[in-house]
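Below you'll find a set of structures to go through.
Shared chain: subunit A. Partners: subunit B in the first complex, subunit C in the second.
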Partner chain A sequence: MTARPLVSVFSLTGDKTGEVTLPMVMTSPLRPDLIQFVHTNMNKNKRQAYAVNIHASKKVVAQSWGTGRAVARIPRVGGGGTSRSGQGAFGNMCRGGRMYNPSKTWRRWTRKTNLKQKQQAVASALAASAVPSLVMARGHLIDQVPELPLVLENALEESTTKTSAAKTILQAVGALADVEKAAESKQIRCGKGKMRNRRYTLRRGPLVIYKSKEGGVEQAFRNLPGVELCCVDRLNLLQLAPGGHMGRFILWSQAAVEALDKMYGSEVGQKRLPVSCLTNADIARIINSDEVQSIVKPVKPGQFDFAPKRNAVKNTDALEVLDPYAAAKRRQQAELEAARATKKDELRLKKREERQARRAQHKEEGQAFFAKVSAQGDVCADGFKIE
Partner chain B sequence: MQSDDMIWQVLNHQFCSFKTTIGKALSDKQHFCRHPYSVTGLCNRTSCPLANSKYATLREEDGRVSLCIKTVERAHSPKNMWEKIYLSRNYSKALAQIDEHLQYFPKILIHRNKQRLTKIHQYLIRMRKIELKVRSGRKAKLVGVHRKVEQREERRERKALVAAKIESVLEKELTERLAKGAYGDIYNFPESPYQKALQTAEDKQEETEALSDEEEEDEMESMVEYVEDLDSEEEIEDEEDMEDMADYLGDGQWGDRHDNSDEHGDEDDDDGDDNDDDKDEDSASRKSDYDNLDERKRTAAQNKRNNRKKGPRIEIEYEEEREDQIQPSSSA
Partner chain C sequence: MKTPESVLKKEATQAKVAADKAAAEKAAEEKAVADTEKFKENSEKYDKEYEAEVRGAIENRRKAKASGGFYVPPEPKLALVIRIRGTIGVSPKAKKVMQLFRLRQLHNATFVKLNEATIRMLRLIEPYVTYGYPTRATVQKLIYKRGFGKLNKQRIPIADNTIVEKGLGEHGICCTADLVHEIYTVGPNFKQANNFLWPFKLSSPKGGFSRKTKLLHYLEGGEAGARAEEINKLVKRML
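Then we have the complex of A and B:
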């Protein structure tokens, strides 16, 4: 990438104040595999050792009774007088025995990762943070952010001391949605972690990267839920790609962005920039470009363009090719159905009319009978005779 | 600066917070996209609003449909990424508007947007109808999903599919057709099954030949006699138990054991009425008696007559010469 675009710098009230060139790091190749690898390794480095007691279950004098006693051959506690005597000991299957393969403190807790790998992973993560799609896909709410990468003027780190001021800055820049999302997501952790000083879980919000913390940035932003702070000189992959997924939402200060250009380069003391094997990864574009198409041989004539297969179960024309009898049968059935359908409607109407006529007739008869009978007077007086 | 392909690689293989799946088995899995600006709801290379820098969707808010367009020039600015154009409320006019605004977009995208517009209009109409119904007094009908019922039905479907044994039934049918010769002569068959099939066909042919030989012998020996029961003289001779042979012999005619020794295999129709009556009586008890028969005693000839029995009633004349007629009953 030779021509590097300009990134706008925003004031603390959200208006565009200036411009910076995009740092070279932000154009490094995206390497999700590398980031995942380095992340899994780096994640193990803060672990504290745990192990079972070295004497666990060993403080027993136990010997196997051997064969011939009609019991299993596991070592059993000697002596007498307690219920413990005669019980099995020393096995992972025994109650009060040691566990299988007792955990040791000299387990390899940390992982070494090659320096180059770590540096390239960080570079890739920084590049990913400049792609809005990736940041959105990671789950940050950045719909109101005016530009990515989001760079704020130096006053961010120089003169922001109060958290309330920090909040208004984030609001002005459209980053508060992410912070609020983190705030809403605070839950008590599931599992035993809650009694081990890890009581709450929280989503990650924006990462604020500054050059110098003299102005009090840290104090201003650190209490906001989800917000993390980082100095440019010590970028941490665990913050840039939490969970091994790249695309953290980052808020830069102008000084920090400018420092990035000085940090990465090919001179002595600078961090190496990863080199991609493809400078232009848009393969479709390359194939369709003029340079390639002008050399490509013309299409071979007489190539068969096969029509898509038609399903004989659904398509009667396709069935005809396979089994004309069945196709004719199906068509005939379809016609019959159609005829039946129309006929059905007619029949229904006709039946309805007949029914209604009958009903009307019955009603008439009934009424006539009633009239006659009422004229007659008391029908049941004389033994129910109707004249 | 990063191409769409790269972005799609990352989203598809790594993580996208908008992707959801339905279906537990790997074969049934379907991926959906929960992004509010997705045209289709599916998670595809071409339908991903994040992985395509040139994209267009339709969004409906409060009954107003707006066309949202995303272009490369604004891809870096999330706030201004989507250009919102309100479309006409008239369906055909809206279609024309889509054509106009998405003039230089890929045809698939235009098509999808039009489909989405159609769907939106359809559901808006439906919503209005329901609202009118509700206002006229009839409450909107909400049908719930019974998870237990659905799962039960699903389970039963799967079991029925297994129980149907579709493949084995198909195989039987096809081999039957093949045996009958419905497919002509020349085919590419795998070697060993073909040989096996040939073997069985040959065995069957030998059987029928043996049968016809037997029948010829029978006919030679037998005399001209009009007797009630037919067929299976020899078998009846062998039969010990009267009860076993009681009802049924040959074509449902009463068999008189003692007279059977000299009878021939052909059927006579002179006792037409008797035959009919007997047949009616015998059909019920036929099966059970036949089951009692000793397997040994039942020869191939008898089996053959069984099969023939199912056909129409045949009128056969007894003739002296029988070498010509191998299957006398086949003439009808």
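Then we have the complex of A and C:
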């Protein structure tokens, strides 16, 4: 990471006035998982305790009636003269009873996170803020912004005191779209939050990071909807990655950017710079490199699909595959059978014709005899004589 | 712009792979053609052998009759054993023997080489099986219709001679005709050939078993035990 790119510094009117080297932090590895983890923990730290009254439902003298009285065994309010007497008490299922597992104020509301994790998360979030695609993905409108990270000259924090001036600066630098988006998004919150002093919700706009607030930069920018301010010495992950999503749109002052390089480093008193576990992230190139390909085994031939079984006893084509000689023999036999069969058919037909001819002949002869004998008359008159 | 080195390298390796594959395919094709010729020759040779055997037996019988003597055909070397009783309540010895014969399921059938030892084993499992001497046609039909080979411990259908070659190529048995011949004539590699064949899974016999009860010995009107040549009729109904 020796040659780092230069980042342009813009004047308050939007023209490039100088350059600054990209701080080391902004080349940190991007760790969305770590940021989400640290953010969930940090987000719990500003919580106020809530609990039910410790005496809730306890101000009753109630005892179970026991068995034998045709009622459930829940403790019941004693005494008489009021509808409350005899009613169930103390259970979470009873009306006016204590809730299940009453909430306590000594619930663990805050979370500790390891310092290293917190520092790495902030470094990662800063790195993400320098990637335009991530910032856009988070939802900021940065189409008109000339460069990310967006660094403005020191006059931003030294001589900006009026909000109108702040607005023109944002306009000149192309950041006003994001602010307007936040302004338009102001809605009454849904849910009970609106009656609990959280009436409106708003999108987050740009985050302005400065080195010193002596010049009045806070007063200038704080009233613009969605704009947040942060001193570079006290970077807050909850602002750098709102909702656990990295890529906040940040407006830096030159002094702040230069301070980052002094804040992060390996000397005593400096914040840790996270180290990536990958030095070369081009996985495709690694896989296709000679070093890897030379020892990689060849591609496996894959599943061998065996041919489906066909019955070679019945199917001669199947037999052909297994035993072509036997198949040829079988086909030959079949042809002979067929030939024999046709010959047999011929013979049969011939015999039938002969039989039919004979039958016809017999019938004729019979009819002729009958006619002759009928003409004769009584055949048995003289002892059966046919003329 | 020059093409990147990595692209060139990848193209080169892919071309080599394709060339190798094409060469392998061509070699396989040529081998298949050569094999078909060889298998045809083998099959014809075996056919003649079987015919000669049948003719020889007939001639011997005639000669013996003519000279007033007797022709004693050689003792059978091959038996087909079919399991006809299920797995519940089998005595331990019989269970073990049937496991050794690979008859673990009802209507499973295997070929068994007949020698002193195996004959004694068959005696132990007589009430659970029926066995006899299969004809060449029976052996053939069993392998054609119900033949599965054991490849890599898997039960693969013998739909192609390549299956037989894969399983038994090193013993010189490359096609189905070779396999049938080895089994029927109980050749020197019978053990390997028989073990390559997965136990046949036959259907229940069409027309049913004996009307009396199949549990009795065949000689008593049942189905169990030795039944010599009659096994072929049963197999025809169970195939």
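Worth pointing out:
Rule of thumb we're sticking to: the second predicted complex is superposed on the first by the 284 of 387 C-alpha atoms of A that agree within 3 Å, B and C clash if a C-alpha of one lies under 4 Å from a C-alpha of the other, contacts with A are read in each partner's own complex, and residues count from 1 in each chain.
Heads up, the rule we're going with is that a residue touches a chain if its C-beta (ideal position, glycine included) is under 8 Å from a C-beta of that chain, and two chains touch if they have at least 3 such contacts.
What you see is a predicted model, and the numbers here were worked out from it, not measured in a lab.
In the overlay built on the shared chain, the residue A:312 is in contact with subunit C alone; subunit B does not reach it. Set against each other, subunit B and subunit C touch different numbers of residues in subunit A, with B touching more.
By the touch criterion defined above, A:139 reaches subunit B but does not reach subunit C.
By the touch criterion defined above, A:30 reaches subunit B but does not reach subunit C.
Contacts of A:281 after superposition: subunit B is touched, whereas subunit C is not reached. Of the two partner chains, neither subunit B nor subunit C is touched by A:75.
In the superposed model, A:225 lies in contact with neither subunit B nor subunit C.
Comparing which residues of subunit A touch subunit B with which touch subunit C, the overlap comprises 285. Remark: subunit A residues 1, 5, 22, 26-27, 29-30, 32, 36, 127-128, 130-134, 136-139, 142-148, 174, 243, 245-246, 280-285 touch subunit B in the complex. Of all residues in subunit A, only 285, 288, 290, 293, 299, 306-313, 318-319, 321-326, 329 touch subunit C in the complex they form. Residues of subunit B touching subunit A in their complex: 1-7, 9-11, 13-18, 50-51, 75-81. Within the complex, the subunit C residues that touch subunit A are 6, 9-10, 13, 17, 36, 39-40, 43-44, 47, 141, 144-145, 148, 156-161, 163, 175-177, 239.
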